[in-house]
Amino acid sequence: MGISIQNLTHVYHPGSPFAVDAVHDVDLEISDGEYVCVIGHTGSGKSTLVQHLNGLLRATSADKMEIEGIDLLQKKPDWRALRRRVGMVFQYPEYQLFEQTVFDDIAFGPKNMGVEGDELTAAVRDSMRLVGLPEETEQMSPFELSGGQRRRAAIAGVLSMRPRVLVLDEPIAGLDPTGKQDILRVIDAYHSKTRATIIMISHNMDDIVSVAGRVIVMHEGRKVLDGSPEDVFSDPDRILALGLGLPTVSRIVREMNARGDHIPASVCRKEDLVRFLTEGRA
Amino acid sequence: MREMTLGQYYAVNSPVHALDPRTKILSVISMMALIFLCRTFCGLAACACFVLAVSFAGHIPLSKMMSSLKAIYFLLLFTFLLNVFFNQSGAVLWQWGILNLTSGGIKRALFMALRLVLLVTGAGLLSFTTSPIELTDGLESLMTPLKKLRFPAHEIAMMMSIALRFIPILTEETDKIRKAQTARGANFDSGSLYKRAGAVVSLLVPLLVSAFRRAEELAMAMEARCYHGGEGRTRLKVLRFHASDAVAAAVVLALAAFIAADQTVIVSLLPDWTG
Amino acid sequence: MDRVCVEKSMTDMIDMRNVSYRYEEDGRDVLQNINLTVHTGEFVCVLGHNGCGKSTLAKLMNGLFQPTAGTVLVSGMDTRSENDIFRVRACAGMVFQNPDNQTVATVVEEDVAFGPENIGVPQKELRDRVDRALAAVGMSAYAKKEPHRLSGGQKQRVAIAGVLAMEPKLLILDEATAMLDPRGREEVLSTVKKLNREKQITVVWITHFMEETVEADRLLIMDQGRICLEGTPRELFAHTEDLRALKLETPPAAQIAQTLREHGIDVPNDILTPEELTDALWAFRSKT
């Protein structure tokens, strides 16, 4: 079913002197099962864009907004169905934990969606396993968990709704290297297990090239680049001009080529670099 | 979302905005006292002229001044009716059942209503022309003499200023948590009372936890920067009176003198208008 | 940063002897028997996974916490001495992780003035100190702005200015870049490097980002309340396996270099930065 958006514009405080054009004329087609990373620096409109995907923000204007089979431009879209299909993990999600026990907190989402009884228990336990929370934490207070565990519990609270689209806003911010790897592994496991669509906002270009099948670059409210990591990073000067960083491999390739080498600019992962250097092809 | 104004501050440059906040606080307090003490229409008219003149000098549009009355429309009406029908002096102009409309009653009611309007608009002038930060600084400075009586002037001002600083942060945070819980199916706007209460808990608990965490971190950061209360503290920004403050004070004094004269002289010559 | 250029005097900025720390009397030691000397002018980085005790270490360095056992000397002053405590804190300035939770005032310049106001710097001198501090972090243009309208990187630079205005000899940054985007991180790191280089301010930089530590004079790696590895970045990042056991990793360029080596591409095993890797690859490509 996927996501199909045409000419989405979002203005904060329309008509007031503080009006801010946060997203401008964005078209977006995402098919089921894609792993998309959205990049752009602070204020580029990427957070605003993804908050439309489950109706947390409503378009100021749009020609088409069809998300997982629900038309958001109709008068009364089925919000509950939409929010069940599109899960949203915000920045620092551990700050939204509130229930007495980890179990109850993870159950909050599915319960609101009308899941009950054994089905609810199964949904909670499944997502705890998925994020690697040991069973004995189930009856603990979320505030007793370690920092990394809290983050995983919060993500489990979204996964327990079994969303078909999982949106994550900088899910690894503020974690130590192991914590980051844990979270990226959880997302990857959910993606390969359920074939859900993943849409992740991230700043870490090295992570992005290793996980994403597609990269979307936002700049000043507009979608400026959209394609495979190879495509997007094959114009490194453009990326730098947008004030963004490059994956480490792309940085090295760019510098090598500046010195006179001829490495294809699409080489952006270390595996690509190895292949090019050993087999002479990208 | 990011743009929000605190209180009613109307940010323009004007001679009134430029006055020392202490001058403005003291003037408004004096004016309120005068409005209460004043017993004649003539005196109230002088106060009204003062309020209008200040709003003009402060570039505050009349519509803005009137908007501050919105909150008290009902109170105004109530006061008026109460006085109209409970004051039975003077000639009876109209009668219906037990209700008598008298000339004294109308005068009294108009007087009370006008007094209320002036009180509210006068106080509004202070908040229109003084930012919350300036107000805090002004209050701290005015309260300083009370320190000798062990009144925690510095602590109160510090609390006000930190509250001001964290209002936008906590507003943004509320918005974010609300969105996050909405994404998990919490419903803040519809559904049974029980369900809505559940949604509110899912918002309030994280907000409280976060506020405490922030308070703890802020306290640590303040301590790291050598904070140890108001004792021995110097200030970067020291409030200073200027010539314009003297002018303002003179105007307020003139108003007070007029009202005092009005009370003693005019009132003794004329029959009591207010009944 | 460059150890050849900076003249390091041999006085010790921080001297920790047999320091242990626990939060509650009968609790476990969160720091165990730490012995650490930080020299004047040094740039020391501290790495370690969440909960290893790095933040506690930082808070012992400016007297926010007092050691349960052992002594902490900051520029020769004992942090337990009540007479010196404000001198200790002014000398060892701290910047914390969350930019929003360390700003006190509603105007940038007043926030910068907060520290010196507390230690009673005369009003005439305050103005001067605030201006100099804001200039040193490149934030003079924002003196009258409200802190909550700044970007994360700008807020942290204001926090650094707030510390600089107390004229410290040492700057302790406790994961000051953790919540920032790449641009903000770069702003803050380059600001601190400049202060270290040009004003000889000693720096203790605590972080999770390996690439931020590659130019440090010295690297400390902590685990379970102890300093378990200590050395130059080049020495420590050569031990990939040890790092992994400590839940850490090597900087990105080092990881790439290792993958290349595993596939028979001959690059040195002590590469830390993309520049070094480029040089090595260039040499490799020129040979073949």
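A, B and C label the chains in the order they appear, each numbered from 1.
Keep in mind that, in the parts below, a contact is a pair of C-beta atoms (placed from the backbone, for glycine too) under 8 Å apart; a residue touches a chain by one contact, two chains touch by 3 or more.
Treat the numbers as computed from the prediction; the structure is a model and nothing was measured.
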Computing the C-alpha centre of each chain, which chain sits at the greatest distance from chain A?
B
Which of A-B and B-C has more C-beta pairs touching across its chains:
B-C
If you average the Cα atoms of chain A and of chain C to get two centres, how far apart are those centres in Å?
31
Nearest whole angstrom, what separates the Cα centre of chain B from the Cα centre of chain C?
46
Give me the residues of chain B that touch two or more other chains.
2
In the complex of these two chains, what residues of chain C are touching chain B?
59, 62, 64, 86, 89-90, 93-94, 96, 98, 100-107, 109-110, 113-123, 126-127, 130, 147-149, 162-163, 166
Along chain B, where are the residues that touch chain C in the complex?
2, 132-133, 161-162, 164-165, 168-169, 213-214, 217-218, 220-228, 232-238
Sort out for me which residues of chain A touch chain C in the complex.
41-42, 146-148, 173-179, 203, 206, 243-245, 248-249, 251-252, 255-256, 259, 261, 270-271, 273-274, 277-278
Using the touch rule from the top, collect the residues of chain C that touch chain A in their complex.
48-51, 97, 151-152, 178-179, 181-184, 208, 210, 247-249, 252-253, 255-256, 259-260, 263-265, 274-275, 277-278, 281-282, 284-285
List of chain B residues in touch with chain A within their complex:
1-3, 176-177, 179-187, 201-202, 205-206, 209-210
